[in-house]
Amino acid sequence: MIVEMKKGALQEQVNTVVERARSFGFDVQLNQGTDKVVVAILGSDTGKAPSDAFAVLPGVESVTRVMKPYKLASREFNRRASKVKAGDIEIGGKKIVIMAGPCAVESQKQLMDTAKSVQKLGAKVVRGGAFKPRTSPFAFQGLEDEGIKLLAKVKSDLGMLVISEIVDVEHIELLAKHIDILQVGARNMQNYSLLKELAKVRQPVLLKRGLSATVTEWLTAADYLMAEGNKKVILCERGIRTFEDSTRFAMDISSIPVIKRFSHLPIIVDPSHAAGHFEYVPSIAKAAIAAGADGLLIEVHPKPEEALVDGLQSLNLKNFQKLMSELKPIAEAVGREI
Amino acid sequence: MIVEMKKGALQEQVNTVVERARSFGFDVQLNQGTDKVVVAILGSDTGKAPSDAFAVLPGVESVTRVMKPYKLASREFNRRASKVKAGDIEIGGKKIVIMAGPCAVESQKQLMDTAKSVQKLGAKVVRGGAFKPRTSPFAFQGLEDEGIKLLAKVKSDLGMLVISEIVDVEHIELLAKHIDILQVGARNMQNYSLLKELAKVRQPVLLKRGLSATVTEWLTAADYLMAEGNKKVILCERGIRTFEDSTRFAMDISSIPVIKRFSHLPIIVDPSHAAGHFEYVPSIAKAAIAAGADGLLIEVHPKPEEALVDGLQSLNLKNFQKLMSELKPIAEAVGREI
Amino acid sequence: MIVEMKKGALQEQVNTVVERARSFGFDVQLNQGTDKVVVAILGSDTGKAPSDAFAVLPGVESVTRVMKPYKLASREFNRRASKVKAGDIEIGGKKIVIMAGPCAVESQKQLMDTAKSVQKLGAKVVRGGAFKPRTSPFAFQGLEDEGIKLLAKVKSDLGMLVISEIVDVEHIELLAKHIDILQVGARNMQNYSLLKELAKVRQPVLLKRGLSATVTEWLTAADYLMAEGNKKVILCERGIRTFEDSTRFAMDISSIPVIKRFSHLPIIVDPSHAAGHFEYVPSIAKAAIAAGADGLLIEVHPKPEEALVDGLQSLNLKNFQKLMSELKPIAEAVGREI
Amino acid sequence: MIVEMKKGALQEQVNTVVERARSFGFDVQLNQGTDKVVVAILGSDTGKAPSDAFAVLPGVESVTRVMKPYKLASREFNRRASKVKAGDIEIGGKKIVIMAGPCAVESQKQLMDTAKSVQKLGAKVVRGGAFKPRTSPFAFQGLEDEGIKLLAKVKSDLGMLVISEIVDVEHIELLAKHIDILQVGARNMQNYSLLKELAKVRQPVLLKRGLSATVTEWLTAADYLMAEGNKKVILCERGIRTFEDSTRFAMDISSIPVIKRFSHLPIIVDPSHAAGHFEYVPSIAKAAIAAGADGLLIEVHPKPEEALVDGLQSLNLKNFQKLMSELKPIAEAVGREI
C-alpha cells in the first residue's frame, strides 16, 4: 500500500501513518520526494487491510493499493492452474467441458429430450434452472423442488452431470443432494450470506461474474468460498453491463487471459446471457474457446419459440449441433479437445 | 409491445405473432408500412409479458416494449405521491428526513454517542450496520446480533427510530422485532428470495438501488415487495457504477426527477457511498435536496479515523453539524423543511 | 510513480528500472518488502512520464501513478480559484452566470426573441449553435456562417455576450471575431488539433466534458489549452455515458466538488444535454447550483415543439422563467447570487 | 417510429402527431388500446427523422424508434457483404488481413526493421502513427510530416501497403498522397468535420469505434463517409470504456456478429488498444478471428521496452511470430485463410 502525503504534511502526520501501519504488523519505508512524502507499507498481507484506514488520516492525500485484495484465488497463492473435478469430468484440463440445456426446467419431457440430445452431441453436463431469479415478480419463477427432482432423474437415467442455480440458503440441502455443480448467478455474486454457506458444501461451485463486478471483486468473492474450505470453484464469465444495447451484456472476452494471469481457477463462458440473441451465440462461443476458456455453458432448447424463459437466446438443437461441429477444430487449434 | 416483422416476412409469420398475442389476452393491430409490417400489441398488462415470447418467432426483426415492466410502483398505478410512515415520522411529506450514524455498529459507546449527537442536530433516524456485507472475507463483518441489540437500546433510550441492513432471510425475525426500517443494500436489490420474505414484514423497507440497476429494474424490484403486500417502500439512490474513478460511485442525481415522474414512491439519497470521500458528501447532499429528494442517509462517525468500516466517507460531528446548517436554507428554497 | 516488481525479480531488473527513472531526471527510492521490491519514483514531474516506460521493463509486475498527469489545471499549480473574465462578466466569482438560448440558431427572429426574453429573465450570455455536430449526416447541420452573423447581431443589438460551438479549426477566425466564449463540445474534448489552435485565441474557451472522459482526462485536455497560453478555460459538466437509459446521459453531480478539490478552474453545468427531457432540467439545474457550480448553460426555445434540434430537452420561456425564480433562493442558500 | 400517447390524451393532440408525421411524408396508423392511443409512423425513411420532433408534442408519453438511424452502412441497403480493396489486397474476403507495426513511427530504422519483419511473417499492411493524438500535451506527439515520408519509403521499398492515422483536415492532402488506408481514431469517430472531408478521398478509410460509441452510432458515423461517396469503409473494433480496469478497454467481441448482422461493411479488430498489455493480445486476437473478424491491426515493436508510445501493449517480434503461427489454424477452423 502506498500512502501519498499532502504537500507540506507535518512530521507528526507522517508518524501517525507509520504507527498505524505498524499496528497492523506491516513494515514501513519512507520516500522523501522533493514535494511530498510517500509512505510505502510493505508486507504480504497488505491486500487485506482496508485502504480507508490510511486515507482517513490527517495529512494524507491518497492511498494506492499495490497488493490485490484476494489471496486464495490468486495465482501467487497457487502457481499451477487448478483442475476442478465434478463426477468423472475435470474442468480446467485439456478437455473443454460443454454444459448445455434449457434456461429453465419446464417439464420432464422438455428436460429429458434436451439432455439426451445434447449428450449425444458431446455435452457432459446438462443445465436447467429450477429456482429462477426473475426481474419481474409477475414472471415464471421456475418449477422449484419439482425441477430439482427432474434434474436428479436425468442424472440417474442418462448418467450425465447436472448443474443448477442456487438462489437461497434454505435450498442448499436439497441441491447438494441432487445437483453436481451448484451455480451462483450473477446477481448473487456478492450475496455473501449465500457464499459463506456454499463454502461448506462438497460440490464444485460455479461462480458467475456479477454484471458489474470487476475481475478483482470476482476473485475476492471466490475467496469467500475458498476461505471456508471449498477449493472447487469454477469461474463463469457471462458478460458485463455497459452502455451498448445491441446485446444483452457485453462479453468481456479479455477477462479470460486476465483470469489466467492472476488466478489459478478454471474459467468457463456463458455466451447465451451475454448475447441475449441466439444469432450471436456461436461467434461468442468460438471466441471464448479461442481465447482460452475451459468450457462453455450454453442455453439449448428443443423449441426456443415455446420456451418459458429466455427463448431468444437459446439455440435449437440444429444450431447447437452446428456449433459443436464448429467448436471442435477451434479447440484443436488451441491445443485442446472437446 | 411493438413487433417489427422482417422485410418480406410471410403472412403466416405475421399470423403466428397475432395468435400468440391473443393467447396472452392482448389486442392486436396491424400496421402495414411500405417496407414491412409492424404489429402493435395492446393492453394494460403488456408490460408483464416477456418480449422474448415474440422476438423468438420466425419472421420477427425486433420487439420494443412500450409499457413499463413494473406496475405497483408506477405513478400510473397511484397518481398521488405515497408517504411512508415509520414510527412518528413520515417519509415523502413536506419534512425532509435525515438518517445518520456510523456505517457499522462498533460498540455501545460509539453508537450511543453518535446517536445522541445526530439527534440533537436534527436527525430523526439513526443508522448503523450490524450485519455487514463486505467485499473481502477477511474484513470486519459486523457485530451481528449484538449490534442489533445495541440499536434496540438506542431506540428505547433515546426514542429515535433505527435503520439497519438485512442481508439474510434468517435474520428477518430478529430485525423485524427491533429495527424500524429494514434496509436492503445495493448488492441485494435483486436478491429476490430476500425481497419476497421482506414483503411479508410490516416495517418499511428501504430499497437501495443496485450499483448497476436501471431505474426500471429498481422499480421492478420494488414491485416484488409490493406484490406481496408491503406498500411501505422507500427508494434510496446511492450512486451507480461507471468508468469514473474519482468517486466511489457516480451519484445519478437525475434519478430523483425520473423517479418522481414514473413512480409514487418516496426517494432518499445516500451521499456517503456515492462519494467515497467525506469532502464530497456535503455537495452531493445539498444537490440531492435541491433536486427533490425526500431525505438523506448519511454516514457520521465521532472519530472517522478510527472507524472500522468506511471511515473515509464518514462525516465527523463538526462536519455533520455544518452540513445540517447548510441544508436548512436549501430545503426552504425548495419549499421543504428539515 | 510506484513500480512493483514481480516476486523474485532479479537485482539487474530492479537496476534497469532505477536507471530508466534516473534517465528521466527522477529520484528513486527502493522499498524492500518481505515478498517483493517496490520502487518509488519521486519528483514533481512524474505525472508527465508515461507509466508504460516502466511497466514494459522485464521483472515489473505493475506500475501505479501517484501524481496526476495534468499540471496547469491543477489546484496544486494554482491554489486560488481562477475567475475567468468574458466581456463584463466573470465566471467563477460570487455571481452565478446563466447562459441560455436555443440549441441551434434557426432564424433571426427565433434567436432575437429568445435572447431578449432570457436577458430580461437574468441570463447574461445567449447560446446558439451555428455549426452543429449531428450524429446522423441526414440531420440539420446548422446555419453555419449565417448563424454566426445572427449571433453577432444579437450581441451588438442587445449588448449580451454570445457563446457558440466550434467544431473545426478553419472556423476559428470567424468565431474569434464575433463570439465571446468558444465552446468545445463533448465529442471534441480530445480533438487535440482543435485544442491546440484554440489555445492561441484570446477568448475564453468553454471545455465540455467528453461523454466518457474521466475527470483526470478532462483536466488533462484543459492542459492542452493552457500549455499554449490560454488561461481562460471554463469547464462544463454535461453528463456521462452509462448503462442508464431513462436520461440521455447521467449527470455526474459529484464532478463539481471533485473539480473544486483538484483544479482551480471554474465549472458550469449543462443540465439540458444530460436530461434529454425538459421535465428533468429544473431538478438538475437546482442540484448543480446547490453542489457549487459557477453557472449553467441551458437550452431555451420559444416553441420547443417546433425546434429543429433537441426540442425535447429545451425549456420554453414560461418554464425558464419559473426555473430562474427557483434558482435564486438556492443560490442565496449557498452564499451566491444570480 | 412508435408514438405512445399519454393516458387520456386529447383527440386534437393525437391529430397534431398525425399531421406532423404526414408533413415528413410518412404514413400513419392509429392503434387504439384500452388505455391509450399508440401512433405507428411508417415509411422507409423514418430512421432519419428526429424522434424529438414527436416526443416534444403535447400529450405524447414516449417515442420509440423502429428503424435504425443509419442507412448506407446497413445490411438492408446492401444485402451482400462488401469487400474493400486497398492496393492488391481485399478486406472482407476469404483472406484475413493482418496489419502490424509500431504504435508510433520513431525513426527510419525502427520502422523499416519492423516492416520487413512483419512482412516476412505474413502481414500485408504496415501500421505506424505519424500524427499522435495524446492525452497529455507533454507527451510525444509523433514525427508528423517526417513520419509520413518514412511510411512512404517503406511502401516503395518493400511494396507493402501502409496505414496511418489522420487527426486533422489539413493533413488530408499529405496523407492521401502517401498512405493507402487512412485511419480515423476512436476519439475522432464523431469528428464530423473530419469525416465529411475524408468522404471525398479515394482511399479506404478505417473507422475505429469511439470508446463509448454504440454500434448504432458507429454505423451512423460510417454513413457520414458513405453519404459523400466514399464506399470504402472498414470498421475497426478496439474496445469500449467500462468500469473494468484490468484492461485498458473492454473488447466488445460481440460487436463482430452484431456488425455482420446489421451491416455489410468489413470489420477488423485492434487487440492491442483493448488489452493495454501485450500478454492479453494473443487471446484477444485469436478470439477475434474465431468470432468472424476480417482482419487484425496489431502493435508490434522490435524493442517494446524502448518504444516511445504504448510499449506495454506492443508485441515484440518473437511474440508476433508465435501469434501468427497460432492464428493460422484458427483461421482455417472458421473457413478462412491468413
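Each chain gets a letter, A, B, C and D, in the order it is written, and its residues are counted from 1.
We take it that a residue touches a chain if its C-beta (ideal position, glycine included) is under 8 Å from a C-beta of that chain, and two chains touch if they have at least 3 such contacts.
Since this is a predicted model, take the numbers as computed values, not measurements.
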{"item": "Pair sharing more residue contacts (C-beta pairs) when A-B is set against A-C", "value": "A-B"}
{"item": "Relative to chain B, chain with the most remote C-alpha centre", "value": "D"}
{"item": "Cα-centroid distance, chain A relative to chain B, in whole angstrom", "value": "26"}
{"item": "Centre distance in Å when chain B and chain C are each reduced to the mean of their C-alpha atoms", "value": "31"}
{"item": "Distance from the mean Cα position of chain C to that of chain A, given in whole angstrom", "value": "38"}
{"item": "For chain D, residues that touch 2 or more chains besides their own", "value": "212, 241-243, 245"}
{"item": "Interface residues, chain B side, partner chain D - complex", "value": "2, 4, 7, 27, 29, 31-35, 38, 40, 42-44, 62, 64, 66, 76, 241-243, 245"}
{"item": "Parts of chain A lying in touch with chain B, wherever the complex brings them together", "value": "48, 50, 52-53, 55-58, 69-71, 133-139, 167-170, 187-188, 190-193, 196, 211-212, 217, 220-221, 223-224, 227-228, 241, 277, 304-305, 307, 309-313"}
{"item": "Touching residues (chain side chain D, partner chain A) in the complex", "value": "212, 214-216, 240, 242-247, 250-258, 260-262, 274-275, 279-280, 282-284, 286-292, 326, 329-330, 332-334"}
